[in-house]
Amino acid sequence: MSRFAISEVAFDIAPLREQLLGHDAGAYASFEGWVRNQNEGRAVQGLFYESYRALAETEGQAIVNEALQRFAITRAACVHRTGELALGDLAVWVGVSAGHRGPAFEACRWIIDEVKSRVPIWKHERYAQGSSTWLHPDP
Amino acid sequence: MSRFAISEVAFDIAPLREQLLGHDAGAYASFEGWVRNQNEGRAVQGLFYESYRALAETEGQAIVNEALQRFAITRAACVHRTGELALGDLAVWVGVSAGHRGPAFEACRWIIDEVKSRVPIWKHERYAQGSSTWLHPDP
Amino acid sequence: MSVTVLYFASLRDAAGVDRERLPLPASLDALYAELSSRHGFSLPAAKLRVAVDGAFARWDSPLHDGCEIAFIPPVSGG
Amino acid sequence: MSVTVLYFASLRDAAGVDRERLPLPASLDALYAELSSRHGFSLPAAKLRVAVDGAFARWDSPLHDGCEIAFIPPVSGG
(Lines give C-alpha, C1' and ligand atoms only; values in the text may rest on other atoms or scores of the structure.)
Protein backbone atom coordinates (compact mmCIF):
# COMPACT_ATOMS: atom_id res chain seq x y z
CA MET A 1 0.00 0.00 0.00
CA SER A 2 1.19 3.48 -0.85
CA ARG A 3 1.54 5.72 2.18
CA PHE A 4 -0.44 8.48 0.53
CA ALA A 5 -3.31 8.12 -1.89
CA ILE A 6 -5.90 10.21 -3.63
CA SER A 7 -9.28 8.48 -3.76
CA GLU A 8 -11.92 9.57 -6.23
CA VAL A 9 -14.56 7.58 -4.37
CA ALA A 10 -15.59 7.14 -0.75
CA PHE A 11 -13.09 4.92 1.03
CA ASP A 12 -13.18 2.66 4.04
CA ILE A 13 -10.89 3.48 6.97
CA ALA A 14 -10.84 0.01 8.57
CA PRO A 15 -8.39 -1.67 6.17
CA LEU A 16 -6.14 1.41 6.21
CA ARG A 17 -6.00 1.37 10.00
CA GLU A 18 -5.37 -2.37 9.91
CA GLN A 19 -2.16 -1.82 7.93
CA LEU A 20 -0.79 0.32 10.75
CA LEU A 21 -1.33 -2.27 13.49
CA GLY A 22 1.68 -4.13 14.82
CA HIS A 23 2.89 -5.68 18.04
CA ASP A 24 5.69 -3.14 18.15
CA ALA A 25 3.23 -0.23 18.34
CA GLY A 26 1.44 0.77 21.53
CA ALA A 27 -0.14 3.98 20.30
CA TYR A 28 -2.27 5.00 17.35
CA ALA A 29 -3.45 8.52 16.59
CA SER A 30 -5.72 9.33 13.71
CA PHE A 31 -7.35 12.36 12.18
CA GLU A 32 -10.38 12.64 9.93
CA GLY A 33 -11.62 15.72 8.13
CA TRP A 34 -15.35 15.71 7.46
CA VAL A 35 -17.40 18.07 5.27
CA ARG A 36 -18.88 20.62 7.63
CA ASN A 37 -22.15 22.49 7.16
CA GLN A 38 -20.44 25.87 7.42
CA ASN A 39 -17.17 27.58 6.65
CA GLU A 40 -16.24 31.03 7.92
CA GLY A 41 -19.85 31.83 8.68
CA ARG A 42 -21.35 30.69 5.37
CA ALA A 43 -23.76 27.74 5.18
CA VAL A 44 -22.17 25.04 3.01
CA GLN A 45 -24.31 22.64 0.96
CA GLY A 46 -21.58 20.49 -0.49
CA LEU A 47 -18.21 20.64 -2.07
CA PHE A 48 -15.88 19.38 -4.70
CA TYR A 49 -12.18 18.59 -4.33
CA GLU A 50 -9.95 18.73 -7.36
CA SER A 51 -6.32 17.60 -7.36
CA TYR A 52 -3.31 17.64 -9.60
CA ARG A 53 -3.23 13.96 -8.95
CA ALA A 54 0.29 12.96 -9.99
CA LEU A 55 1.90 15.79 -8.04
CA ALA A 56 -0.48 15.40 -5.09
CA GLU A 57 0.51 11.75 -4.72
CA THR A 58 4.22 12.54 -4.99
CA GLU A 59 3.99 15.37 -2.49
CA GLY A 60 1.74 13.46 -0.08
CA GLN A 61 4.12 10.50 -0.13
CA ALA A 62 7.03 12.88 0.55
CA ILE A 63 5.18 14.29 3.58
CA VAL A 64 4.53 10.87 5.10
CA ASN A 65 8.12 9.78 4.44
CA GLU A 66 9.37 12.97 6.08
CA ALA A 67 7.14 12.31 9.11
CA LEU A 68 8.70 8.84 9.43
CA GLN A 69 12.11 10.54 9.61
CA ARG A 70 11.17 13.41 11.94
CA PHE A 71 9.14 11.51 14.56
CA ALA A 72 9.64 8.29 16.55
CA ILE A 73 6.75 6.55 14.81
CA THR A 74 6.24 3.09 13.37
CA ARG A 75 3.90 3.51 10.41
CA ALA A 76 1.84 6.31 8.88
CA ALA A 77 -0.59 6.78 6.02
CA CYS A 78 -2.94 9.36 4.56
CA VAL A 79 -5.77 9.26 2.03
CA HIS A 80 -7.51 12.32 0.59
CA ARG A 81 -10.81 12.29 -1.29
CA THR A 82 -11.44 14.14 -4.52
CA GLY A 83 -14.68 14.65 -6.45
CA GLU A 84 -18.14 15.56 -5.15
CA LEU A 85 -18.63 15.34 -1.38
CA ALA A 86 -21.80 15.79 0.64
CA LEU A 87 -22.13 17.13 4.19
CA GLY A 88 -20.64 14.70 6.67
CA ASP A 89 -18.55 12.88 4.05
CA LEU A 90 -15.00 11.93 4.87
CA ALA A 91 -12.55 14.26 3.09
CA VAL A 92 -9.22 13.17 4.52
CA TRP A 93 -7.84 10.53 6.86
CA VAL A 94 -4.44 10.35 8.57
CA GLY A 95 -3.30 7.44 10.73
CA VAL A 96 -0.05 7.06 12.67
CA SER A 97 1.19 4.22 14.88
CA ALA A 98 4.08 4.56 17.31
CA GLY A 99 5.63 3.09 20.40
CA HIS A 100 4.28 5.94 22.52
CA ARG A 101 1.47 8.45 22.27
CA GLY A 102 3.49 11.67 22.14
CA PRO A 103 5.09 11.05 18.74
CA ALA A 104 1.85 9.48 17.41
CA PHE A 105 -0.13 12.66 18.14
CA GLU A 106 2.63 15.01 17.00
CA ALA A 107 3.24 13.24 13.70
CA CYS A 108 -0.49 12.95 12.97
CA ARG A 109 -0.95 16.68 13.51
CA TRP A 110 2.15 17.49 11.48
CA ILE A 111 1.03 15.36 8.53
CA ILE A 112 -2.42 16.93 8.26
CA ASP A 113 -0.92 20.41 8.60
CA GLU A 114 1.59 19.72 5.83
CA VAL A 115 -1.04 18.11 3.60
CA LYS A 116 -3.24 21.17 3.96
CA SER A 117 -0.40 23.54 3.14
CA ARG A 118 1.54 21.67 0.43
CA VAL A 119 -0.51 19.08 -1.44
CA PRO A 120 -2.11 20.37 -4.68
CA ILE A 121 -5.75 19.79 -3.82
CA TRP A 122 -8.37 22.51 -4.09
CA LYS A 123 -11.76 22.82 -2.46
CA HIS A 124 -14.75 24.24 -4.31
CA GLU A 125 -17.60 25.07 -1.92
CA ARG A 126 -21.27 25.45 -2.80
CA TYR A 127 -23.22 27.69 -0.44
CA ALA A 128 -26.84 27.62 0.63
CA GLN A 129 -27.28 31.08 -0.93
CA GLY A 130 -26.57 29.58 -4.36
CA SER A 131 -23.07 30.92 -4.94
CA SER A 132 -19.92 28.84 -5.01
CA THR A 133 -16.20 29.45 -4.98
CA TRP A 134 -12.75 27.94 -5.12
CA LEU A 135 -10.83 28.33 -1.89
CA HIS A 136 -7.36 29.76 -2.38
CA PRO A 137 -6.35 30.74 1.13
CA ASP A 138 -3.35 32.95 1.76
CA PRO A 139 -0.48 30.70 2.83
CA MET B 1 -24.36 6.44 25.33
CA SER B 2 -22.22 7.24 28.32
CA ARG B 3 -19.19 9.33 27.43
CA PHE B 4 -16.87 7.02 29.31
CA ALA B 5 -17.17 3.29 29.71
CA ILE B 6 -15.25 0.35 31.04
CA SER B 7 -15.56 -2.70 28.80
CA GLU B 8 -14.76 -6.17 30.11
CA VAL B 9 -14.75 -7.56 26.58
CA ALA B 10 -13.24 -6.51 23.25
CA PHE B 11 -15.25 -3.65 21.79
CA ASP B 12 -15.86 -2.31 18.32
CA ILE B 13 -14.75 1.25 17.56
CA ALA B 14 -17.02 1.85 14.54
CA PRO B 15 -20.29 2.48 16.42
CA LEU B 16 -18.47 4.65 18.97
CA ARG B 17 -16.96 6.81 16.23
CA GLU B 18 -20.37 6.95 14.55
CA GLN B 19 -21.85 8.64 17.63
CA LEU B 20 -19.37 11.49 17.27
CA LEU B 21 -20.24 12.28 13.65
CA GLY B 22 -22.32 15.36 12.93
CA HIS B 23 -22.69 17.97 10.23
CA ASP B 24 -21.48 20.60 12.67
CA ALA B 25 -18.09 18.88 13.06
CA GLY B 26 -15.30 19.18 10.51
CA ALA B 27 -12.56 17.47 12.47
CA TYR B 28 -12.18 14.17 14.31
CA ALA B 29 -9.13 13.07 16.27
CA SER B 30 -8.84 9.69 17.87
CA PHE B 31 -6.37 7.77 19.96
CA GLU B 32 -6.01 4.04 20.51
CA GLY B 33 -3.73 2.30 22.96
CA TRP B 34 -2.71 -1.20 21.91
CA VAL B 35 -0.93 -3.88 23.95
CA ARG B 36 2.71 -3.63 22.97
CA ASN B 37 5.23 -6.47 22.95
CA GLN B 38 7.56 -4.61 25.29
CA ASN B 39 7.54 -2.13 28.14
CA GLU B 40 10.64 -0.40 29.43
CA GLY B 41 12.89 -2.94 27.82
CA ARG B 42 11.08 -6.08 29.04
CA ALA B 43 9.37 -8.45 26.59
CA VAL B 44 5.65 -8.51 27.38
CA GLN B 45 3.52 -11.59 26.71
CA GLY B 46 0.16 -10.27 27.74
CA LEU B 47 -1.55 -8.27 30.39
CA PHE B 48 -4.52 -7.83 32.60
CA TYR B 49 -6.32 -4.59 33.45
CA GLU B 50 -8.24 -4.33 36.68
CA SER B 51 -10.46 -1.39 37.58
CA TYR B 52 -12.42 -0.03 40.48
CA ARG B 53 -15.27 0.07 38.07
CA ALA B 54 -17.77 2.38 39.75
CA LEU B 55 -15.14 5.00 40.52
CA ALA B 56 -13.40 4.56 37.16
CA GLU B 57 -16.65 5.28 35.33
CA THR B 58 -17.41 8.32 37.48
CA GLU B 59 -13.90 9.70 37.08
CA GLY B 60 -13.72 8.96 33.35
CA GLN B 61 -17.05 10.66 32.78
CA ALA B 62 -15.78 13.68 34.74
CA ILE B 63 -12.69 13.87 32.53
CA VAL B 64 -14.71 13.84 29.30
CA ASN B 65 -17.15 16.41 30.68
CA GLU B 66 -14.23 18.61 31.70
CA ALA B 67 -12.74 18.32 28.19
CA LEU B 68 -16.06 19.48 26.74
CA GLN B 69 -15.76 22.60 28.94
CA ARG B 70 -12.07 23.29 28.35
CA PHE B 71 -11.84 22.83 24.58
CA ALA B 72 -13.90 24.04 21.61
CA ILE B 73 -15.08 20.55 20.74
CA THR B 74 -18.41 19.04 19.74
CA ARG B 75 -18.46 15.53 21.19
CA ALA B 76 -16.02 13.22 22.95
CA ALA B 77 -15.97 9.69 24.30
CA CYS B 78 -13.59 7.14 25.79
CA VAL B 79 -13.73 3.40 26.41
CA HIS B 80 -11.16 1.44 28.41
CA ARG B 81 -10.79 -2.34 28.40
CA THR B 82 -10.38 -4.45 31.51
CA GLY B 83 -9.62 -8.15 31.85
CA GLU B 84 -7.10 -10.29 29.95
CA LEU B 85 -5.55 -8.70 26.87
CA ALA B 86 -3.21 -10.26 24.31
CA LEU B 87 -0.50 -8.52 22.29
CA GLY B 88 -2.04 -6.15 19.77
CA ASP B 89 -5.38 -5.95 21.59
CA LEU B 90 -7.09 -2.60 21.93
CA ALA B 91 -6.72 -1.30 25.51
CA VAL B 92 -8.21 2.16 25.25
CA TRP B 93 -9.94 4.36 22.68
CA VAL B 94 -10.57 8.11 22.75
CA GLY B 95 -12.51 9.98 20.06
CA VAL B 96 -13.17 13.71 19.77
CA SER B 97 -15.06 15.69 17.15
CA ALA B 98 -14.78 19.46 16.74
CA GLY B 99 -15.28 22.28 14.31
CA HIS B 100 -11.54 22.53 13.74
CA ARG B 101 -8.55 20.25 14.08
CA GLY B 102 -6.61 22.15 16.74
CA PRO B 103 -9.08 21.62 19.58
CA ALA B 104 -9.82 18.05 18.38
CA PHE B 105 -6.15 17.05 18.72
CA GLU B 106 -5.62 18.96 21.96
CA ALA B 107 -8.70 17.55 23.69
CA CYS B 108 -7.95 13.99 22.53
CA ARG B 109 -4.43 14.22 23.93
CA TRP B 110 -5.67 15.82 27.15
CA ILE B 111 -8.29 13.12 27.72
CA ILE B 112 -5.88 10.21 27.34
CA ASP B 113 -3.33 11.96 29.57
CA GLU B 114 -5.94 12.51 32.29
CA VAL B 115 -7.31 8.97 31.98
CA LYS B 116 -3.82 7.58 32.45
CA SER B 117 -3.17 9.73 35.50
CA ARG B 118 -6.54 9.74 37.28
CA VAL B 119 -8.78 6.81 36.44
CA PRO B 120 -8.49 3.84 38.85
CA ILE B 121 -7.34 1.18 36.39
CA TRP B 122 -4.25 -0.93 36.97
CA LYS B 123 -2.13 -2.89 34.54
CA HIS B 124 -0.67 -6.26 35.41
CA GLU B 125 2.03 -7.31 32.94
CA ARG B 126 3.27 -10.83 32.24
CA TYR B 127 6.81 -11.02 30.92
CA ALA B 128 8.46 -13.49 28.57
CA GLN B 129 10.87 -14.40 31.39
CA GLY B 130 7.95 -15.77 33.40
CA SER B 131 7.59 -13.04 36.00
CA SER B 132 4.70 -10.62 36.25
CA THR B 133 3.94 -7.41 38.10
CA TRP B 134 1.40 -4.73 38.82
CA LEU B 135 2.40 -1.34 37.45
CA HIS B 136 2.16 1.44 40.03
CA PRO B 137 4.10 4.26 38.41
CA ASP B 138 5.17 7.31 40.40
CA PRO B 139 2.73 10.09 39.58
CA MET C 1 -20.25 -0.32 63.63
CA SER C 2 -18.18 -1.51 60.67
CA VAL C 3 -16.75 -0.50 57.32
CA THR C 4 -15.92 -2.43 54.14
CA VAL C 5 -12.44 -2.05 52.69
CA LEU C 6 -11.83 -2.80 48.99
CA TYR C 7 -8.43 -3.89 47.71
CA PHE C 8 -7.11 -3.49 44.18
CA ALA C 9 -4.05 -4.52 42.21
CA SER C 10 -0.93 -5.09 44.36
CA LEU C 11 -2.86 -4.32 47.55
CA ARG C 12 -5.34 -7.07 46.70
CA ASP C 13 -2.50 -9.51 46.02
CA ALA C 14 -0.90 -8.63 49.35
CA ALA C 15 -4.16 -8.80 51.30
CA GLY C 16 -5.15 -12.08 49.65
CA VAL C 17 -8.80 -10.93 49.45
CA ASP C 18 -10.55 -8.27 47.41
CA ARG C 19 -12.53 -6.89 50.34
CA GLU C 20 -12.94 -7.27 54.07
CA ARG C 21 -15.23 -6.01 56.79
CA LEU C 22 -13.58 -4.25 59.71
CA PRO C 23 -14.63 -2.30 62.77
CA LEU C 24 -15.14 1.41 62.15
CA PRO C 25 -11.63 2.89 62.42
CA ALA C 26 -10.65 6.21 64.01
CA SER C 27 -9.36 7.59 60.70
CA LEU C 28 -8.27 6.58 57.21
CA ASP C 29 -4.64 7.12 58.19
CA ALA C 30 -4.98 4.86 61.20
CA LEU C 31 -6.78 2.24 59.13
CA TYR C 32 -4.14 2.17 56.40
CA ALA C 33 -1.34 2.00 58.97
CA GLU C 34 -2.97 -0.99 60.63
CA LEU C 35 -3.66 -2.74 57.31
CA SER C 36 -0.12 -2.07 56.07
CA SER C 37 1.34 -3.77 59.06
CA ARG C 38 -1.14 -6.66 58.98
CA HIS C 39 -0.94 -7.35 55.20
CA GLY C 40 2.60 -6.13 54.56
CA PHE C 41 1.63 -3.42 52.07
CA SER C 42 4.78 -1.92 50.59
CA LEU C 43 3.18 1.26 49.22
CA PRO C 44 3.36 4.19 51.66
CA ALA C 45 0.11 6.10 52.24
CA ALA C 46 1.68 9.16 50.60
CA LYS C 47 1.58 7.36 47.24
CA LEU C 48 -2.08 6.41 47.52
CA ARG C 49 -5.38 8.16 46.99
CA VAL C 50 -8.39 7.10 48.96
CA ALA C 51 -12.05 6.78 48.06
CA VAL C 52 -15.08 6.65 50.34
CA ASP C 53 -18.43 5.38 49.07
CA GLY C 54 -17.30 5.38 45.44
CA ALA C 55 -15.86 8.91 45.31
CA PHE C 56 -12.33 10.21 45.82
CA ALA C 57 -12.01 11.58 49.33
CA ARG C 58 -9.53 13.42 51.53
CA TRP C 59 -7.46 11.45 54.00
CA ASP C 60 -9.09 13.38 56.82
CA SER C 61 -12.63 12.62 55.65
CA PRO C 62 -15.01 11.50 58.41
CA LEU C 63 -16.07 7.85 58.30
CA HIS C 64 -19.45 6.43 59.12
CA ASP C 65 -20.96 3.06 59.91
CA GLY C 66 -21.29 0.94 56.77
CA CYS C 67 -19.12 3.06 54.53
CA GLU C 68 -17.04 1.54 51.74
CA ILE C 69 -13.37 2.51 51.69
CA ALA C 70 -10.88 1.93 48.88
CA PHE C 71 -7.18 2.67 48.92
CA ILE C 72 -6.13 3.57 45.38
CA PRO C 73 -2.58 2.62 44.42
CA PRO C 74 -0.91 4.65 41.63
CA VAL C 75 -2.95 3.93 38.50
CA SER C 76 -1.63 2.53 35.23
CA GLY C 77 -4.44 2.50 32.71
CA GLY C 78 -4.08 3.62 29.11
CA MET D 1 8.80 23.51 -29.93
CA SER D 2 5.86 23.53 -27.53
CA VAL D 3 4.81 23.00 -23.94
CA THR D 4 1.60 21.82 -22.30
CA VAL D 5 0.09 24.01 -19.59
CA LEU D 6 -2.29 22.48 -17.04
CA TYR D 7 -4.94 24.57 -15.27
CA PHE D 8 -6.52 23.79 -11.93
CA ALA D 9 -9.27 25.22 -9.74
CA SER D 10 -9.95 28.94 -10.33
CA LEU D 11 -7.31 29.10 -13.07
CA ARG D 12 -9.11 26.35 -14.96
CA ASP D 13 -12.41 28.15 -14.58
CA ALA D 14 -10.85 31.37 -15.88
CA ALA D 15 -9.04 29.67 -18.77
CA GLY D 16 -12.14 27.67 -19.72
CA VAL D 17 -9.99 24.62 -20.48
CA ASP D 18 -7.98 22.26 -18.28
CA ARG D 19 -4.91 22.30 -20.53
CA GLU D 20 -3.53 23.91 -23.61
CA ARG D 21 -0.56 23.55 -25.86
CA LEU D 22 1.54 26.66 -26.37
CA PRO D 23 4.83 27.60 -28.02
CA LEU D 24 7.88 27.13 -25.78
CA PRO D 25 8.00 30.33 -23.72
CA ALA D 26 11.11 32.27 -22.70
CA SER D 27 10.45 31.69 -19.00
CA LEU D 28 7.74 30.65 -16.52
CA ASP D 29 7.35 34.28 -15.44
CA ALA D 30 6.82 35.42 -19.00
CA LEU D 31 4.39 32.58 -19.65
CA TYR D 32 2.27 33.33 -16.58
CA ALA D 33 2.23 37.05 -17.38
CA GLU D 34 0.98 36.32 -20.88
CA LEU D 35 -1.64 33.81 -19.69
CA SER D 36 -2.83 36.16 -16.94
CA SER D 37 -3.51 38.86 -19.44
CA ARG D 38 -5.10 36.51 -21.98
CA HIS D 39 -7.33 34.59 -19.50
CA GLY D 40 -7.80 37.32 -16.91
CA PHE D 41 -6.23 35.38 -14.02
CA SER D 42 -6.69 37.36 -10.83
CA LEU D 43 -4.04 35.54 -8.77
CA PRO D 44 -0.62 37.23 -8.92
CA ALA D 45 2.37 34.98 -9.67
CA ALA D 46 3.71 35.65 -6.17
CA LYS D 47 0.82 33.63 -4.71
CA LEU D 48 1.43 30.62 -6.96
CA ARG D 49 3.83 27.74 -7.01
CA VAL D 50 4.81 26.17 -10.27
CA ALA D 51 5.45 22.57 -11.31
CA VAL D 52 7.34 21.25 -14.31
CA ASP D 53 6.91 17.67 -15.45
CA GLY D 54 5.01 16.67 -12.34
CA ALA D 55 7.42 18.09 -9.75
CA PHE D 56 7.47 21.42 -7.94
CA ALA D 57 9.99 23.71 -9.64
CA ARG D 58 11.56 27.12 -9.20
CA TRP D 59 10.21 30.00 -11.23
CA ASP D 60 13.60 30.31 -12.94
CA SER D 61 13.71 26.63 -13.95
CA PRO D 62 14.75 26.05 -17.57
CA LEU D 63 12.00 24.78 -19.89
CA HIS D 64 12.32 22.28 -22.66
CA ASP D 65 10.36 21.16 -25.67
CA GLY D 66 7.40 19.01 -24.68
CA CYS D 67 7.48 19.81 -20.98
CA GLU D 68 4.32 19.95 -18.88
CA ILE D 69 3.82 23.08 -16.81
CA ALA D 70 1.30 23.60 -14.02
CA PHE D 71 0.66 26.80 -12.12
CA ILE D 72 -0.44 25.85 -8.61
CA PRO D 73 -2.88 28.24 -6.93
CA PRO D 74 -2.92 28.28 -3.12
CA VAL D 75 -4.10 24.84 -2.05
CA SER D 76 -7.12 24.06 0.15
CA GLY D 77 -7.18 20.34 0.81
CA GLY D 78 -7.87 18.82 4.20
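Note that the chains take the letters A, B, C and D in the order they are written out, and that residue 1 is the start of every chain.
One rule holds for everything that comes next: contacts are C-beta pairs under 8 Å (C-beta built on N, C-alpha and C of every residue); 3 or more make two chains touch, one makes a residue touch a chain.
Remember, predicted model here, so these are calculated numbers, not experimental data.
Chemist: On the document's contact criterion, could you list the chains that touch chain A and likewise touch chain D?
Modeler: A chain counts here if it touches both chain A and chain D, and no chain qualifies.
Chemist: Taking each chain's centre as the mean of its CA atoms, which one is most distant from chain A?
Modeler: C
Chemist: Between chain A and chain B, what is the gap in Å from one C-alpha centre to the other?
Modeler: 24
Chemist: Calculate how many whole Å lie between the centre of chain A and the centre of chain C, each centre taken as the average of the chain's C-alpha atoms.
Modeler: About 49 Å separates the centre of chain A from that of chain C.
Chemist: Can you compute the centre-to-centre distance for chain C and chain D, using the mean CA position of each chain? Integer Å is fine.
Modeler: Roughly 73 Å, centre to centre.
Chemist: Could you say which residues in chain B touch two or more other chains, in rising order?
Modeler: Residue numbers touching two or more other chains: 33, 112.
Chemist: What chain pairs are in touch here?
Modeler: Every pair of chains in contact is listed here: A-B, A-D, B-C.
Chemist: Give the list of chain B residues in touch with chain A in this complex.
Modeler: Residues 14, 21-38, 87-88, 97, 99, 101, 104-105, 108-109, 112.
Chemist: Which stretch or stretches of chain B touch chain C in the complex?
Modeler: The contact residues of chain B facing chain C are 33, 49-52, 54-56, 58-59, 80, 91-92, 112, 115-124, 134-139.
Chemist: Going by the contact rule at the top, pick out the chain D residues touching chain A in the complex.
Modeler: Contacts found on chain D: 6, 8-10, 12-13, 43, 47, 51, 54-56, 70, 72-78.
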